[in-house]
Amino acid sequence: MINFFSNTKVDKVGIEDRVSRISKRSLKSDAKLDGLKMILSMIDLTTLEGMDTVLKVQQLCYKATHLHYQISNLPNVAAVCVYPNMVKTAVDALKGTDVKVASVATAFPSGNSTLEIKIKDTKEAIINGADEVDMVISRGKFHSGEYNYVYDEIAAIKEVCGEKVRLKVILETGELGDFDHIRMASEIAINAGADFIKTSTGKISPAATLPITLVMLETIKDFYYKTGKIVGMKPAGGISNSKLALQYLMLVKETLGPIWLDKKWFRFGASSLANDVLMQIVKQQTGKYQSKNYFSND
Amino acid sequence: MNSNIQPLEFNGDWNLSPSLESTDHIDLKDKYGLFINGGFLEPLSNKYFSTINPSNENQISLIAEAGSEDINLAVKSAKDAYENVWSKMPAKERSKYIYRIARLIQEKAKELAVIETLDGGKPIRESRDVDVPLAAAHFFYYAGWADKLDYAFPNRNPKSIGVVGQIIPWNFPLMMAAWKIAPALATGNTVVLKPAESTSLTALKLAEIIQQADLPPGVVNIVTGAGSTGKLIVNHKDIKKIAFTGSTSVGKSIMKSIAGTSKKSTMELGGKAANIVFDDAPLDQAVEGVVNGIYFNQGHVCCAGSRLLVQESINEIFIRKLRDRIQSLILGNPLDKNTDIGAVNSKSQLDTINKYIDIGKNEGAEIFQLNCTIPDKGFWCPPTLFTNVSQSHVIAQEEIFGPVLAIQTFRTIDEAITKANNTPYGLSAGVWTDKGSKVFNLTSKLNAGVIWANTYNKFDPTSPFGGYKESGHGREGGLHGLEAYLNLE
Amino acid sequence: MSERIKVLKTYKIFIDGKFPRTESGRYYQTKNNGIPIANICMSSRKDMKNAVAAARKAFLGWSNRTAYNRSQILYRIAEMLETRKSQFLEELVLQGWTNKNAELEIYKTIDRIIYFAGWADKINQVFGSVNPVATSHFNFTMLEPMGVVGLITNEETPLLAIASCIIPAIVSGNTVVVIASEKAPLSALTFAEVISNSDVPPGVVNILSGSKKELSPHIYSHMDVNAIGDFSNLTNDEIKLTAVENLKRIRSFGASEISNDNFDSPYVIKDFMEAKTTWHPIESGFANSNSY
């Protein structure tokens, strides 16, 4: 097999110390407001439910481009993230906007299917107009030590995506067991051609955490040092409030620097984060604490 | 790693806004007397000196300078308190007084942290998260020992010594006062303590806390002044033990002046610790440990990891990571909650640091510093590292006591051990490797009193601290820290 | 019948496992009631230098031996002493001891060596600690030998003193340079032969005879000596001051302290050990990282 592992180890307590230090950064006034708006622009607004319907997806797409009518100069979210059968609906609803359509694929969320079906799943999403594909890795194969299989599968999906469609590789870190595995899975995904690495499906707990994200950011950094190539990062699941999201941004700022502080290279996979950020923005602007009743819930 | 790739850029549009810790809640006087026999007294010397904020050079307060009559008075009050009150008090009662002090420190934590930062220049993040909580923790820990000493020294009938003289440095003013006073009180001694002249304020605030704890008068006396005041304490005939933390040269002069007397001593002196990074280390955490090892408290740390030994095969990538990490450090107003690097404690210390930086440059080592704006007033030194350093460079041998890292490489484990031990000091060392058996090989062969493996600059009241060789003798902290304050039969 | 003329043995010094003569070529005679007993080397500062170098060289190997192994070697010293007690008896009597006192001192010495031999693998169990720090780290403190220890024996109990200073120092892994009793050096130098025959590696114990006044300043000021155990009561403060230069640890013992049974205590061993504290992170459960 290709020897792409750096075999770099991760010390969990050290990671947690670093995260704890970054989490204590104090964000005030302009820095906070700018950060909140940046968060909005980085959200992959997500609905991934068995009961998703066309109308539900249309409502979500409207929200994606009309975050809060009372505030001017708000960005749109980065993308809307749906199942493959909803891609067409989303593409139609978002026509003419800068919001991308992302589709999960490859037998999301378990990934337990054959490569043929996963390729077909991916092609379907792309034919229907998806700009981005969020695939899951085969965790069972990973735990069996079949790292080549995991690598080849990612590479095969990336081949289907081509240059135009960006591939986010979901590691489902909550199923990987420890930080060294997360580091290794990140390296496999990055080397196999991932444009983004993503923590979670949102269906497994723990989903995204700051320490896990830091491990993945450090892997991205090492790949940059080695190749000069930039890979994006998407924590997903469990990020539902502004304070936490701002801490993620600080993590990116201090680990990789401002190049990554852009929706091109950093995304939040979230369904309820946007409204909390909006409430904070209004609080920053008015000085008054807000109620959920004043923010549309799609 | 590919050396043609551009370093990462850490200056962007999105920057932190100022976030200053409030100074509204602090209570500071314009002038402080000496804390003797439970009250603040005007110095009989009639002398005062000023203490300044090293980040803007503004005067904060006037501090009394204790002369020989003042020291006589302080020692006498400590002796009286020892003979008449403290040594006679049941240990359980003594213990409760010490607990009171611990609680009061916690309750005044914010005020103490702000004053520590104003007076000493260290970032509020550190005084808030490290200095003050550890000071309280030390009192808590030792309070509990007061009535359990027989279990620490079975068959030895431990007995207090009498009046102990304690002289502490300016790098961790309140924490060092706690490290000294807490075990001394728990073991039944009374105290005459002198803080460093540039950082007296938190010790004086501690004196106020001691008053509020209603500790019997004279049990703790805090006298301020410079080296000459310290000498008066060292040489006073009724002082039974000296506990000193400071430079090795002053430590030696104290040892000389008490040689031939029956005075006991503990010495926590200088260091030139090696932080050793192997190619199988968790590299990013090692970077963090190295940064924390040398830039914590502007490098004013006796156990600072001031020598970095990197295995040659990872030298290039490790230094790149280190440089990138340094670029994300924030130097500035110590009161800003986001400041990582505060002000150097004094003009004279800044001069010393700059002298060594010049030496390093003249020796031909390659310098790298954080690219940042240095404030107009105050004393500042950006985080600095030197590469291409050999064991023979002065900057690899002498303690700088500032944010200056000397980086050397090594090829084998034995070479790392030899280089790490090749120093008259022996306070601390760091080891970074993922391999357990290698950790224990290193930790057993490094000649130092504290070894951090895959971590650095961690402190805890239960953990003994102190050096080998010229880094001093005796231990502070933990069970082992009690012994220096007791006579064992 | 005329008495047989005795062979006056020249007692050599003990450095690095060998028995050289002093490089200085100087000798003195020990006498009892004016009658010469033996020729003794008057060691020089250069002999001292060689002895310290040998001790330094031996330190790493000796301190890295397992505690069990050091314990066995020390026990072997006691065994050897037991089998050669008649020689020690004869020498002590030659040097003016009564038969009874000599016998008592020999037995006490043997028993003391056995007592301390047993501590080798116990000292860290009693004085080491695991420290419950408030962060996610495993933290423990263990005692380690200091390095090269300079020892100056007393004049009162030459055999007991030589064993009492050497054994507690080497049991933990230190190596030693000893200045023997000046007036009654025979026991010390014969003790060197016992050491030499007891599997003690070369350089762990080095024994010099000669003038304490001449040799003491050199051991106190030697920059590669980590600690001094002074049993002599002779050293003046001025000499002690030179030990400050490399911050040697100094422990003085009075003659009565050695004779006392209370000397049999682990605290004597501890006097020549340093406490080392080690930290290492402890990973918490994987799911715990969710707390952020």
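Couple of notes before you dig in:
Which chain is which? They are A, B and C, in the order written, and residues in each are numbered from 1.
The rule is short, and it goes like this: contacts are C-beta pairs under 8 Å (C-beta built on N, C-alpha and C of every residue); 3 or more make two chains touch, one makes a residue touch a chain.
Just so it is clear, the model here is predicted, and its values are computed rather than measured.
Between the contact lists of subunit A and subunit C, the overlap consists of B. With respect to subunit C, maximal separation of chain centres occurs for A (centres as means of Cα atoms). Taking the mean of each chain's C-alpha atoms, the chain closest to the overall C-alpha centroid is B. For this pair, subunit A with subunit C, the centres built from the Cα atoms lie 68 Å apart. In this assembly, the C-alpha centroid of subunit B lies 36 Å from the C-alpha centroid of subunit C.
With centres set at the average Cα position, the gap from subunit A to subunit B is 44 Å.
Each of the following residues of subunit C touches two or more other chains: 137, 281. Taken residue by residue, subunit B touches two or more other chains at 454-455, whereas all remaining positions touch fewer. With touch defined as above, residues shared between interfaces to two or more other chains in subunit A number as follows: 11, 13-15.
The touching residues of subunit C, when paired with subunit B in their complex, are 129, 131-135, 137, 139, 141, 144, 146, 226, 237, 240-241, 244-247, 249, 267, 274-281.
Across the complex, subunit C is touched by residues 137, 156, 248, 251-252, 255-256, 259-260, 267, 269, 424, 439, 443-444, 448-455, 458, 460, 462-466, 468-470, 472-473, 475, 478-480, 488 of subunit B.
Subunit C meets subunit A in the complex at residues 136-137, 281-284, 286-287, 289-290, 292. Residues of subunit A that touch subunit C in their complex: 11-16, 19, 23, 177-179, 205-206, 209-212, 238, 244, 247.
Note for the complex: subunit A touches subunit B at residues 7-11, 13-15, 17-18, 24-32, 34-35, 38, 218, 221, 224-228, 249, 253-254, 256-259, 261.
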